[in-house]
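Sharing a structure below in structure tokens format, with a few things to ask.
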Amino acid sequence: MDFSSLLLMRHEFILTALLLLMIVAEIVVSEQNKKNLVNFGVLLFAIHTAIGLLPLADGVLFGGMFKTTVLTHFFKSVLNIGVLILLLQSADWLRDKVVSQQKATEFFMLIFSSLLGLYFMISAGDFLMFYIGLELSTLPVAALAAYESLKQKSSESGIKLILSAALASGTSLFGITMMYATSGSLFFDMMTITASNLTILGFLMFFAGLAFKISLAPFHFWTADVYEGAPISVASYLSVISKGAAAFVLMILLFTLFRPLESIWVNLMYGVALLTMFIGNLFAIRQQNLKRFLAFSSIAQAGFILLGLLSVDQLGATTVIYFIMIYVFSNLGAFGVVQAISNQTGKENIDDYDGLYRTNPKLSLVMLLALFSLAGIPPVAGFFGKIFLFTAAASQGYYLLVFIGVVNVTIALYYYLLVVRAMFLRKSENAIPYFKSKWMMKLGLTITVLGILIIGMYSPLYEYIFEISNLIFKS
Amino acid sequence: MIQGVSIYEILTVTTLLFFIGIYGFITRKNLISILLSVELILNSVAINFVVINKYLYPDMLQGVYFSVFIIAVAAAETALAISIIINLYRLVTSVEVKATETMKF
Amino acid sequence: MDILSLFVTVPVLTILFLAFTKNLQQVRIVSLTGMLVQLGMAINLLFAYFRERAVNTDIMVFTKDYVWFESLNIHYAIGVDGISVALILLTSIVVLAGVFISWKVADLSKEFFISLIVLATGVFGFFISLDLFTMFVFYEIAVIPMYLLIGIWGSGPKEYSAMKLTLMLMGASALLLVGILGIYFNSNADGGALTFNILEIAQVNIPFEAQRLFFPLTFLGFAVLGALFPFHTWSPDGHASAPTAVSMLHAGVLMKLGGYGIFRVAMYLLPLGAIDWSTFFIVLSSFGVIYGALAALRQNDLKYINAYSSVSHLGMVLVALLMMNKTAWNGAILQSLSHGFMTALFFALIGMIYERTHTRDIQKLGGLLKVLPFISATYVIAGLANLGLPGFSGFVAEMNIFVGAFENADLFRRVATVVVVSAIVVTAVYILRVVGIMLMGPVKNEEFNNLPASTWFERYGVYLLLIPIAGMGIAPLWLSDMILESLTPFIARF
Amino acid sequence: MDFTYTILIPLIPLAVFLILGIGSLKIKENVAGIVGVAGLLTSTILSYYTAFQYFFNVGKVNGIYQTFVEQTRWMNFTDTLHIDMGVLIDPISVMMLVVVSTISLMVHLYSRGYMHGDQGFTRFFAYLSLFSFSMYGLVLATNLFQIYIFWELVGVSSFLLIGYYYTKPSAVAASKKAFIVTRFADFGFLMGILMIGYYTGTFDFMTLNNPTALQDLTSPIMQNAGITFMGFSVITTALVLIFAGGAGKSAMFPLHIWLPDAMEGPTPVSALIHAATMVVAGVYLVARLFPMFYFVEGGIALEVVAYVGGFSSLIAALIALTQHDIKRVLAFSTMSQIGYMMMALGISGYGDVDGLGFTASMFHLFTHAMFKALLFLGAGSVIHAVHSNVLQDMGGLRKYMPITNITFLIAALAIAGVPPFAGFFSKDEILAAAYESNQLLFWVEWVVAGLTAFYMFRLYFGIFWGKDTIYKHTPHESPLSMTLPLMFLAVVSAIAGFVPFSQFISPDLVGYTTHIHMNIAAMSVGVGVLGIAIAWIMYKKETNIADKISSAFGFLYQWTFRKFYIDELYLFITREIIFKRIAQPFAWFDKKVVDGTMNLIGNSTVDASKKIKGLQSGKVQDYAFAFISGVVIIVMVFIYFMN
């Protein structure tokens, strides 16, 4: 066996190495230097991200359990950048609040392991690898959700997540057994999916498990509670990285493995997309807590992603990936601002943001851009992401759905504007006073802003994705 | 393969087990019992894998391996859940589900 | 850089410069310079267009095409014909006037001017676009700053109005987007590639079924912005709450996007659909004409009066567009221009009056002609222009509309025409009602006797708008011929 | 002969208007007066020169008056329809030029005295110039659209001038009323123009007024005349609608209600606009289109003109009997006289002596302009002296104001139709023409002639004779700037009747000779003298005969005094019906229903959001239940329903 082929797992190996390094560092570094561990972790991950951008050959490992293609490679890099931004945004919080509790390293380790799980999930070539990846990505996050062990809400959030996740993965596994029974294999390439009732049953149960992770209605209920109770970084991670990866995987599976069931799942996506958009938006309207607010908003966003899945071709795949990428930046921007303000003042409600622009103009502008991007207002990226999704759905003639989708954009715009209203329109006696963010936070927010401003209009990126998403349909 | 027992019977049992688990999950008032119900669900799945492997595709061991992993992951999951429950207990001195309903709407 | 892209580039540069300004003075200078340059370019474009037109018989001139999203065949394609040149001129004048009128905005002035110019950028981009996608992008860019502009610098129930306006317009864009996508995915009906390019789509025979389905969507999508009854309700509240310059820009320019879009997209690309649906929409829009006028009759808030008046006047634009002949279309475009200048002037004057008297209730005002002679006299002129007095732009536009509408000999369109023409009487009534109550009569409030006179920047703003109103009214030939000529490719589609 | 220079006649006042208008706050009274008068004087000289050239030098070729047209394209509608701007020189337009110039110049001169010291002096002169410009443009129009354009412009000048005293609520109301009523009439006018344009394919007077083409149903302009609308040819309908426009401007029943109120304007304005020039624009319009009116469908439209004119003259004369405000009496008198002119046009024939009605109408227009302007200016002089315009406040003024007295008397005699003053000749022709073609209208007009003589002398005696009123300030004669125009107009009123009008003006442009119709003259003079005599008896000295008669006819008196309640009817329709029953509900509908629906959509979304909040109960088991239900439902759907 040629060990050089293991280089195909470069992302995974490096990340595992980082994990171990963090453990070592935790042991080696002295008590008073613990704060620097945060910088160390961020730095390591930045290096990892940079290395991740280097090109990587396509290939298969472990007899087909692990596959890497340009597409998965690309998507892992997107996740890396997302996590890097997240770490930059969380650094202050870690340094100020967490290091004193001796838990900073754990944060890095848990995030890294969860990310590792996502890598495996993305690259999975069979259901076993997929399952391991799924669990590896979920369990550490549950631990992270319950991270602030002194807060009841945090524990509550953790327990809700882990119980719901267990149920979801149980259901999903049950579905996998059904498919195993009918197709005779767990390897994606060797499974022959036919539209028999048992297969459909299996598929639907499997889908429920994945839908749980993407928080599609009606499998989304955990989302808001968990986001609210968990530390902001964790909520951010859940809503951006974990959801994005899961959506990506869902797309790959639907477009390849479950292609024979297309007539089934297209209708399923149609219905779930409708329900998800409406549920997410209607709940988001009346939220006061920004984390909860963003939770429902991210549910609605997930509904939009499904629109792209309706077009089972290069266009659909491209628009979905493109949207996820844009969504990563937009949502991280919003969470970043919430994080910054919460660190400084502990305030997390929309009302608290009254008059924010007059005291903290830059943060407000970042928030404005992020919200506009989420809402889909040009010229920021979100607009392009959304409109391309609609284009994909329309290409198959789903004009009614597109219409309902845009109506939902309007509803969504309403509640995004509520935040804008608080920040820009309102004046307040006790507005959050001016404060200066640390450089890491600034850097994190700057990257998101650049992403929001540039990605949408920078068409070569879209074309690149278009090209590589061709791979999905090759075999 | 067990003589005289067809795959249907075993699958019926596992399916029952699965739904008993779900029933338990939905109705139990205690977090620990909910966790037990989760175990039931996972076990039903594990049995499923083994049985399907054994009865239908005996020449490869995919299902058996899978069940091993399920057991391992279930263990980790339980450990984590228990630790969170313990933490919760420290905060509110209760392991009832009711204690986890502060965030809603 | 080509002559058209500058119209987007200059505002963007102005915005960038504005971002680095330090104080109010700099903000004013930068925005004024930027918009002066813009106006200069617009005038230059006009002459360049005439020169180009003499040698170039293409449908669009100054066309440029840059590939943007290749796989979707989205281009940044630009070009102008007589119609867009005229509207660009309108926009640059109104924006500049808006800058003059907003001279005194002190609260968050930098942000104010930035938002204002973002809006203008969207409008300019919209008028030069030949690509449906790009057009839609610019459309949305133009709409969204309204929220901030009304919400932050507005008055009255501004949060409500701003939200209502934004949501209704975004809701309309839902229809529009579906319509545009529908056109896009039918643009290969003759076997070519899918395209967003208007000129290319115009060569394609989109199937009748598709036209019938997508025409109303596209039409309504734009018509909401054009204040079609019964989707006009954002407009009175929005205008009433908006700060002066925003009302000006919005009523003067932004609402024109509706009519222009209907014409350039819905009707040009979906002519069969337009014919099929014209009866229904003529009913709505001609009812809107008389409805807006009658509703204006009972309002006491100046801005409401003007907003309903806009509903009425823009209703005429829609009716005219649906009358399917060159004369009526010419009238529609002229009416868009004319209404743009007039209503901007109105809102500017209302703003000045409000700033001085702190009320817009005509019942509380009176005898302003005595205390504010310049403003009041201009108001009278604007009012007369609005009711279609010859010598002002409104007359030229309305006569084209009437004559064009009358070219249709069937009973239904005849009735619609009579209804529309009868609005000139009602218009006279509500205009004179305001003039009579507010400007004439005894001075009602002692305090009004020492109101400050108009300032230089206000006067400049007013002159800027008055000149084209009178110019169009006195010598309409060059303008109407320029537009008439550009209508030929449109009529060929019907 | 090149008449291009006539374009200057309107343009000079326009320039004056622009100068005075823009500088209205800065230019001093003296300068404004001089600029205004000088401008108009130039136009007047040009007009006279044109008239001289046209009528005596170049106009007539082979016994037919030629029409000279100079025009330029102003706007294109369609391939065939367009608006031109230009000048059309033919007998009636030249005649109108003279009328407008003369009266306008006199009023300009008069106003320098009358408006002396007024704050808005410059503004006033600017408005006057604007009006002169518009009126010239109207008169010289070469096509229907041009006439419509200037039609609107005179309307607005009238509006501005009536509302000149804009702080006075009654003036404001009057100006609004004038504008809106005429605007309503213009709606008809415009519809008529649109119909003409569509069915004949042209707006051009030269093309439209071609008698040969009008009688040939296959000619381009008549090819659509076969299309009918409510039983009449569309062209007839169009002409009636156009006449409606003319009726609005010329205050014909039932669109006359604005005219009495228009007297709120300064008196020179009343003289110029509401007596001599603008109000006869309707007559001019019908005359302008006379061949069309006459030939299309045998002149049905023309009959409408005749009856409306006749009826209006009667109504107005009756109302004038009882009014106290001297300017209102004059206003109704104007209406009555315009009714005469309309009627004359309406009963006129075409060609040679048959065209007497047309000639008479124009003749009466000419003479009436002179003596009615004189009456108004005289009334203005009186008002200037007495500071009131109510008859009861006056009396015995002949002692204080001799010139005004004499000139007013001349004008009154002229309007009463006493020979040899101008009114006699024109009225005689009208009655003669009416006698020939329509006996009913002849008798109506005969009665009106008597009524006219009566109320004019009621006015005259009431002002200058009657009771010896004690005045607070002793009235004195007006300054020369005011009396000079009076004297000039008095001379014209006295001699204008001897102009051989029929030589110059006839429908077919061929002159002919007329003579006095002795029997009709005798009848009309008789009834006129009778009227004067009754007035003499009743009002020469202070008597109570008038009161007795009015109380004897209490009910009828009240009716005429309240102008037959037409104003009240209009008020009822506008206030009660249009405002309250239509506009108000529309506004309500907009606020509650249309806007309400939009708000409802928004609110119901928010409500829905509130209603479903219970789903997110916070209980992890509920979530699990939802999860499983979700699975079960999709399984049911996809396995049992869709498979």
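Observations on the model:
Labels A, B, C and D are assigned to the chains in the order they are written; within every chain, residues are numbered from 1.
Convention: a residue touches a chain if its C-beta (ideal position, glycine included) is under 8 Å from a C-beta of that chain, and two chains touch if they have at least 3 such contacts.
The structure displayed is predicted, hence computed values, not measured ones.
Averaging Cα coordinates per chain and for the whole protein, the chain whose average falls nearest the overall one is C. Interface comparison, A-D versus C-D: the pair with the greater number of contacting C-beta pairs is C-D. Averaged C-alpha coordinates give centres for chain B and chain C that are 65 Å from one another. Distance between chain A and chain D, defined via averaged C-alpha coordinates, is recorded as 77 Å. Per-chain CA centroids place chain C at a distance of 36 Å from chain D. Between chain A and chain C, the centres computed from C-alpha atoms are 42 Å apart.
Shared contact sites, meaning residues of chain C that touch two or more other chains, fall at 167. For chain D, the set of residues touching two or more other chains reads 602, 613, 616, 618, 620, 624, 628.
The set of chain B residues that touch two or more partner chains comprises 22, 25, 34, 100, 102-105.
Annotation, chain-chain contacts: A-B, A-C, A-D, B-D, C-D (touch as defined at the top).
Taken in their complex, chain B has these residues touching chain D: 22, 25-28, 34, 97, 100-105.
Listed in rising order, the residues of chain A touching chain C in the complex are 314-315, 318, 358, 372, 377-379, 383, 387-388, 390-391, 394-395, 397, 399, 402-403, 406-407, 409-410, 413-414, 417, 420-421, 424-425, 459, 462-463, 466.
On the chain D side of its complex with chain A, the touching residues are 602, 605-606, 608-610, 612-613, 615-616, 618, 620, 622-624, 626-631, 634-635, 637-639, 642-643. Taken in their complex, chain A has these residues touching chain D: 159-160, 163-164, 167-168, 171, 197, 200-201, 204-205, 207-208, 212, 217-219, 221-222, 224-225, 264, 267-268, 271, 279, 282-283, 285-286, 411, 414.
Listed in rising order, the residues of chain B touching chain A in the complex are 18, 21-22, 25, 31, 34-35, 38, 41-42, 44-45, 48-49, 52-53, 56-57, 60, 62-63, 65-66, 69-70, 73, 76-77, 80-81, 84-85, 87-88, 91-92, 99-100, 102-105.
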